[in-house]
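Okay, structure first, notes after.
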Amino acid sequence: MYYVVTIATLVTMGLALVRALLGPSVYDRVLAVNMLGTKTVLLLSVIAFLYGRPDFLDLALAYALINFIGVLAVLEFFRSRALRRNAERGARQ
Amino acid sequence: MSALLDTLSWVLLTLGGLSVLIGGIGALRMPDLYTRMHAASVTDSLGAILVLGGIMLQAGWSLATIKLFAILLFLLLTSPTSSYALASAALLAGQRPFADASQDGEGPE
Amino acid sequence: MIVMFGIFLLTLLVITAIAIVRTDNLFVAVMLMGIASLLIAANFFLLDAADVALTEAAVGAGISTVLFLGALALTSERERAKSWNRLLSFIVVAAAALILIYATFDKPRFGDPEAPVQVHVAPWYLEKTPEYIDIPNVVTAVLGSFRGYDTLGEVFVVFTAGIGVLFLLGGGKAGGAVPEEEIDEGLRHHLIPRVVGRVLIPFILLFGLYVQFHGEYGPGGGFQAGAIIAAAIILFALLEGENRALSVLPERVLLGLMACGPLLYGAVGLAGIIFGGNFLDYSVLSSNPVKGQQLGILLIEAGVGISVTGVLLGIFHAFAARDS
Amino acid sequence: MELLGIYNYWVFAVLLMTGFYAVVAKRNLVKKLLGLSLFQSAVFLLYITMGKVEGGTAPIFPEAGAAVFSNPLPQVLILTAIVVGISTTALGLGIVVRVKEEYGSIEEHKIQEIDER
Amino acid sequence: MNALAQHLPALQVVVPMLAAPVVVLLRPRGLAWAAATATSVLAFAISVQLVQAVLEGGPTSYLMGSWPAPYGIELRVDALSALLLLAVTGASVLALVGGRDSLDSQIDVGRQPYFYAAWLLALAGLCGIVVAADAFNIFVFMEISSLASYVVVAGGPDRRALPAVFKYLIMGTIGATFYLIGIGLIYMMTGTLNLADMEFRIHAVADQRPILAAAGFITVGLALKAAIFPLHVWLPNAYTYAPHMVTAFLAACSTKVSLYVLLRFDFFVFQDNLTGHAFQFAAYLMPLAILGILVGSAVAMFEKNVKRLLAFSSVAQIGYMMLGASLVTVAGLTAGIVHIFNHALAKGALFLAVASFATIAAGLRLDDLKGIARRMPWTFGAFVVAGLSLIGIPGTAGFVSKWYLISAAMEFGAAGLPLVFIILVSSLMAVVYIWRIVEATCFTKAEDEPASGASASPVLVAVLWLAAAANIYFGLAPALPLTLAGDAATELLGHLP
């Protein structure tokens, strides 16, 4: 039964990757990265049980957390970029 | 009892897999950023609940369940937060939802 | 079945890699690099390398993305030039590829328990770890004790990178166009991420400590913990702004952490000499050699954790401070 | 199992070459560093692949029962190599930022033009 | 003291390494230089001790963490490593002692602790490579020394240092990664990382394809790091724009250490295990060595910047070392190894002299140095001595290695004559490029005589003359390097039939 979930997760990861490659906007790509991250968390949780080593769930937890920080870093990047662009525009005028 | 739990967890896992998959298809097929985000984020949360819940039933009462619960809690907190933040960033940057996209195209990249 | 999962993940990985090279938007390339890291890490997990998967996720997908974004914010997002010397590069690359593919034919079968790798040195580690060190995680045992000298070198590599970035970017800020207060507020106006982040940070720190001290029993250890703790503080800096983060952990403290980690590791090594053993011989640290080994590993892992945290934060701050 | 063995090695070769191509052919400094990371990741894959034992599990003794374990040594080496890789990347990015400040560009040929002027 | 003696191989690496974080933490900042210099001197003292130990008792080995050899990490100091240790630590001491003013003028005080820490790490990394007897450990220390070298090179005041160091970083990392791939392939076939164990176990799988590919990857990777022609493209710019003292230090020893690893692998690990390896090694590397000698010298003859000129001369000199090694005889290898040492002496002294010129000259193009000999006669004198040594005039260290190289080539009878011819031609080319500097500095007058009374610090001139004197001393009494090199060569080739 774990296999079903694993396959579904893997396929979804593939679909998310396609979305990341297609874009079109950068936000779509960030969305795809985020989605891939959460799917990886699910995948690892399931595989930890598939392998019979539930003590490896720590990894899934770490992934979840890293993923969140990654997305926020991207947002901060957007924000500071917007500020810089505004400032440059202001400086030009 | 154990057979009941087993069946229940299988059902949860299957439903979870299904909803994850639907989310994936939605994220690929929906027409614009916000609808894609909608598809992705809703199924993210639902899928996580179902799949992790299913595994929890399999794991029984152990340390693993506590860890799974922590992961679930974490996902339920962060996943909607990221979606919200992403949507707000996109909106502030001038990406228009699909409804008004007819006027100004796909919006700037 | 798992084999098929592995193949699928690797295929996705190859597609991602090619896309990274092809795109001319550097931001997209960095995002794809994050995806590639996640895929590689998942694949490491399938190949039984739990510790490596954890490190790759924390370092590759987390810290590396943050650093690349920090650098992109200071440079530019577009790649303006076409490739050059395509033909020559292609020939060089193809030649190397042919040599590699040529080499694959005599390789031992994948997963072969009789392969030279599996029968020579490695079984000794698996066999002797319970006897000499008595901790469940053999990877930590090899990393901390049997090949502890490599790990010492690795800590110093990290340290070198840290002082290198400080040397290059520290001091003499480049003036930017954006007013200081504005750039510095971080994501403070985003209420929801801020509240959620604040709730999570203590738990992330706690988890980091767990990874640090649980490294002898499960996947984890100093590097992973250092990266996770650094990530938590980076999260704080993202949410509250650079200055608030710096007031919590000023630069001097970071420099102290950076330098004290390697010193702690080195001191444990020298203690080996002082108590009559060889360098990095932990057995002499306690009257019971096995206890001594465990104590030594605990201490050096702490040193590793401290230095990785310090260096990663130092590098992040060096990039972020350039912004203003 | 046979298939995955060769497939892993081939993916290693392809990844290595993709990264290597980016390093050699691209003229954008950040892209070169991205290529370099990819190049190094490929090597990590090579090492981890060779450590896998059929039917084995991660070399962390479980609470109950002996089992077949995969090789811990390549994992240790790669842990070290990953950290070395991120250190190199960080230092490289530091240099790139300085280059941008001094030259106003991160494209190799533009920098050359400026220098020759 | 006796108790510490057995730990010397470890301390050789650990002392400079642990001093680095201390240097960063030191207050006030001016202490950084003093601490770095003191540490370097200590490291030099340790290496002198090690040389003595090797001369008296043969190779010594040290087990890190007391774990037995193929399982733990082994350190091993034999004649070859002892010779290199002497060169590395000696170069560091001379450059640091002589270079204080020069460095003060090129790097601002606030950044100096980082700089000196990186310097010590580079020193520790190079020493670590030389004493290691474990393939992966060599990789780790190679990365420490490379990263630290990038940092110190980037300290150059000219902005062109930055693109140069970026190129250095990219090529250095490719080299290191190739080396890592090679190690991986060998490890896959033998299951071990210890060099001696590897040599022993490689017999069983010799001539299988992964081993051949590994030999290729390791050779190419290390050739990149050692700047063997045509993989030298990173070197000229990196040496030109680095701070002067860094150039003196790195030119004297950093590429040589990579060359050392190359010799270790090709002679110790692969030799005799791969069919026809000696022939292939000679067949591939000798043409490259010869091309490197000729092209490097030719470019140097037309180069206008003094540092760049000397950097290209380094490319040529690396060719000599490779040429000696590619003869695959004890005599040839001895010559190559002696040249590693002698070139470190000559090139170190030359770059120190350049640093001294730089204290009063406006720039380092030949035109900027016009007439400088009159204002700095002592520096000029030392420059000439070192230059003569580089050319190979009898009575200097350079002559010894060239003489040995020629006699090694003559062992092949008539077949060796072309080599002798090439060595003579390239020596003439060296005469030309050294003469160009001498001509510019001594026999042309500056258009406008600057009135500034500044001159190089007496310490620098003293150190410079010390280096020049060493060139003469080792030219007249070459017993020490020759004994060590001879021992090293016999040891490397020892297991040949």
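As written, the chains take the letters A, B, C, D and E, and residue 1 is the first residue of each chain.
By our rule, a contact is a pair of C-beta atoms (placed from the backbone, for glycine too) under 8 Å apart; a residue touches a chain by one contact, two chains touch by 3 or more.
Source: prediction; values computed, not measured.
Peer 1: What is the set of chains touching both chain A and chain C?
Peer 2: B, D
Peer 1: If we look at chain B and chain E, which chains touch each of them?
Peer 2: The shared contacts of chain B and chain E, listed by label, come to C.
Peer 1: What is the chain whose Cα centroid lies farthest from the Cα centroid of chain B?
Peer 2: E
Peer 1: Taking each chain's centre as the mean of its C-alpha atoms, give the chain farthest from chain C.
Peer 2: E
Peer 1: Determine which of the two chain pairs, B-C or A-B, is joined by the larger number of C-beta pairs in contact.
Peer 2: Looking at contacts between chains, A-B has the larger number.
Peer 1: Any idea how many Å lie between the Cα centroids of chain A and chain D?
Peer 2: 20
Peer 1: How far is the middle of chain B from the middle of chain D, if each middle is the mean of its Cα atoms, in Å?
Peer 2: Chain B and chain D have C-alpha centres separated by 31 Å.
Peer 1: So, what's the distance in Å between the C-alpha centres of chain D and chain C?
Peer 2: 12
Peer 1: Could you say which residues in chain D touch two or more other chains, in rising order?
Peer 2: Residues 16, 20, 50, 57-58, 60, 62, 73-74, 77, 80, 84, 87-88, 91, 95-96, 98, 108.
Peer 1: Got the chain A residues that touch at least 2 other chains?
Peer 2: Residues 13-14, 23, 26, 30, 32, 53, 55-56, 58, 61, 65, 67-68, 72, 75, 79.
Peer 1: Which positions in chain C are in touch with at least two other chains?
Peer 2: Correct list: 50, 72, 100, 107-108, 115, 117-118, 121-122, 125, 147, 150, 153-154, 157, 160-161, 164, 168, 187, 190, 193, 197, 200, 218-219.
Peer 1: Between which chains does touch occur?
Peer 2: Result of the pairwise touch check is A-B, A-C, A-D, B-C, C-D, C-E, D-E.
Peer 1: For the complex, give me every residue of chain C touching chain A.
Peer 2: Interface residues on chain C, with respect to chain A: 1-2, 5, 8-9, 12, 15-16, 19, 25, 27-28, 31-32, 34-35, 38-39, 41-42, 45-46, 50, 53-54, 57-58, 61-62, 65-66, 69, 72-73, 176-179, 182-183, 186-187, 190, 193, 197, 200, 204, 207, 210-211, 214, 218-220, 224, 228, 231-232, 234-235, 238-239, 323.
Peer 1: Using the touch definition up top, name the residues of chain A that touch chain B in the complex.
Peer 2: 1-2, 4-5, 7-9, 11-16, 18-19, 23-28, 30-32, 34-35, 38-39, 41-42, 45-46, 49, 54-55, 57-58, 60-61, 64-65, 67-68, 71-72, 75, 78-79, 82
Peer 1: Using the touch definition from the top, list the residues of chain B that touch chain A in their complex.
Peer 2: 9-10, 13-14, 16-18, 20-21, 23-25, 27-28, 33, 36-37, 40, 44, 47-48, 51-52, 54-55, 58-59, 62-64, 67-68, 70-71, 74-75, 78-79, 81-83, 85-86, 89-90, 92-93, 95, 106-109
Peer 1: Using the touch rule from the top, collect the residues of chain D that touch chain C in their complex.
Peer 2: Against chain C, chain D makes touches at 1-22, 24-28, 30-31, 33-35, 37-38, 41, 44-45, 48-62, 68-80, 82-84, 86-91, 93-98, 100-101, 106-110.
Peer 1: Where on chain D does chain A make contact in their complex?
Peer 2: 57-58, 60, 62
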